[in-house]
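Worksheet for the structure shown next.
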């Protein structure tokens, strides 16, 4: 989207110093500004960049004293940081609002309903008996199986796959390629050493304001529901197995995996490449360091663990410090034994 | 799908105690039953839940003595556990049978054939010269390249991508978003430090009853075939590189990766987030603990390893126990050295 | 594709010994040859296979003395290895050239242009205002958002998802299911412990000759660009977070993750399942061993590190050697303390 500098100034109730007709089409840090980009200057530490930036326009405080000649155009406002935040939100709303209508061909099954102000991209698929709210965006190649419920203003990006019977709240964001509701990984060993699949009859339930990353996978429950609570944010390429329950406002970084039936509390922070074994419980506000392996319950709120298997973060740091010097330690012990 | 309690009882040759017209539409554990759900009571440990469950109906033994008033409806059978298993299978068959026919638009290339009783979802794509068996389900947005062979009763979920020349057995399940046959990761270093792609001309061969998880990737062979044997079950987000061979009835948990040309035996159990380096061989019935790294051959059948790099499981447990106390050990050695 | 042995011989300016009308349709190692396959014999170590191979034809040196009877057909050439390489390239070009034209239905938005000799598969989607070069292959179910730029001869495999505003160079290969430009994982913590998404307004820029693996994810920048430099090769299921910059001719193996704003140099080799924390810088020509965790800057070119957290590769090997024997070391120390 392209705007004139004057249009931006009007939005922000600011004043233009320079060419109001200059056009900007993207946001950039002031030190990385190029023609067509709009930046802001809030922290005076960055003021030197104001005189060298390649940005077409910069939002500045109306109290800022200009000390050298500037080649960029200025938009003077009360509070540049808050103006920039406002702009980000307007940008996001504009992007959202620009998506409305239906591109053909797309598919919608019998008995499915979808609310007002929605977008359905070409080649999107909605099965039978779905209930989809208002303002929902369904991008191309999204697949929504039968009997799925989706709340208002949720965004389903390109190529998301949602299995039948899934329940998704409102204001959720599902990034491209994620899979919600795939078969849980459950097999009954047979006498001959082979495995027989256990039918997976449950579903997945996502609360409101849940964010799922690109190519993340969330398996359905064997019976009952795999649950991700309201406000939780899951990064890319995360694995959430059958019957896992993740609480509210918990953040999970990329490539972490939760094995079957593990339970994670509210307000937890789980770093990247963590593994959680099946059936363990993790207390509220737990912090788990990157690459850790959680092999047993974490019972105390606010615990910070690290390692595989994980234990107290600081204790792990100290153990790792000695680990690096193990050859030296071995040598010291060898000497002691010799001289004994 | 919705059934009356009487219909379920008839299926199971059982008898209704209560309202045969009540409707159930899903299965639930007795302690998690809600209106509309059907549970079973086999282990008498759970009997107290019978008097409090919210389930609409519960399958019980005809020999069970009802000790309190129940608000749920009972279906009395010979053996509740086996009845429930029967029901799960019937459920699965019913789900399968309900998928038949062709949704438009979908694409099928020249000279491709597909057997009876199949399902092809809208926006599914089948290339040229494919041979696809009977009872195969191909969900929306599945991509099947040219010259692919697929056996009977295989299920290809939404958005699965199968590259040309792949061979897939019968009774396989490919979960949503998995990729079969992507280019192997092979590059010839050039004199200037850059890399030139080595053409990947091989394919992927999956046996019968193979299960591939959501968003798992299986690369084609440089020449010849990448192979996953009959009965093997691969979880979500697993990486299988070019020319890997996985034996029969081997189970691989989520986010594990096999590097190029590694060979895994039959009846192995590989836990999650394991890495196997290129060209190593793993004997039959090997068990690999979570997050392990396999850097050399495992020659003895039934070996259980753990760690990165992996070694004997028990030895690793003992080493980890000392690892946690390394700062203490260092202190002990320091003291010995001082007092020497 | 099927060729006669004579056609192959003509391509390679070689001579047929045997049946020139025999047909071959794939390449195989000489020890794995089966009817219909074409092999080559360069290293004389493999000569015994020449007399037993099941391959329909084998490319051999015209100087090779045939010592036993052969049942396969021979194609005699000057240099078998270079002939085989030539053949691989011709094969690849033939595969590429065979993809041309447009399959219906496919979608192209207003004001988008695409160059000559392109392929667009059925159900492929191109948004508005895209600029796509010549000889580009866009497979079925590929999604290309608005304002995307793609250079000449780039291949976009099935189900690739490219978010709006992405810039992709020429001669790139994007394997099936990868996601380019998904929302960066950035959230502002709120006073009540919940998180608010920070609008992600940047994009992704890929240089020329970049290779992206199947189901890999590359997030867009918060502002500015996430960058992967010319010639870099990224394997499957890799995570590249917002504002990451990867240099030129760097190779990254499967399931590795780069956290936000990390910078990786040129000519680096990053093995599989590595994790790199946010904001660190990795010097040119760095080598990182599998499963390592990079938690701080690597400043010296050509460094080889291993471990989580990573340190010098050899030092890590030595520490791991002692780690395995930690129970023994503890016992030695216990003995020394007792006998003191």
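Letters A, B and C name the chains as they come in the text, with residue numbers starting at 1 for each one.
Definition applied: a residue touches a chain if its C-beta (ideal position, glycine included) is under 8 Å from a C-beta of that chain, and two chains touch if they have at least 3 such contacts.
Source: prediction; values computed, not measured.
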| item | value |
| --- | --- |
| Copy-to-copy rotation for subunit A and subunit C - C-alpha atoms, rounded to a multiple of 5° | 120 |
| Same or different residue numbers at the subunit A/subunit B copy interface, by half rule | different |
| Centroid distance [mean C-alpha coordinates] between subunit B and subunit A, Å | 25 |
| Sequence positions of subunit A contacting 2 or more other chains | 105, 123, 141, 159, 177, 215, 237, 255, 273, 323, 325-326, 329, 333, 336 |
| In the complex with subunit A, residue positions of subunit C that touch it | 105, 107, 123, 125, 141, 143, 145, 159, 161, 163, 165, 177, 179, 182-183, 185, 187, 193-195, 197-199, 201-202, 215, 217, 219, 223-224, 237, 239, 241, 255, 257, 259, 273, 275, 277, 293, 308-309, 311, 315, 318-319, 321-323, 325-326, 329, 332-333, 336, 339 |
| Complex contacts: residues of subunit B adjacent to subunit A | 26-29, 32, 88-89, 91-92, 103, 105, 121-123, 139-141, 157-159, 173, 175-177, 209, 211, 213-215, 231, 233, 235-237, 249, 251, 253-255, 267, 272-273, 290-291, 320, 323-327, 329-330, 333, 336-337, 340 |
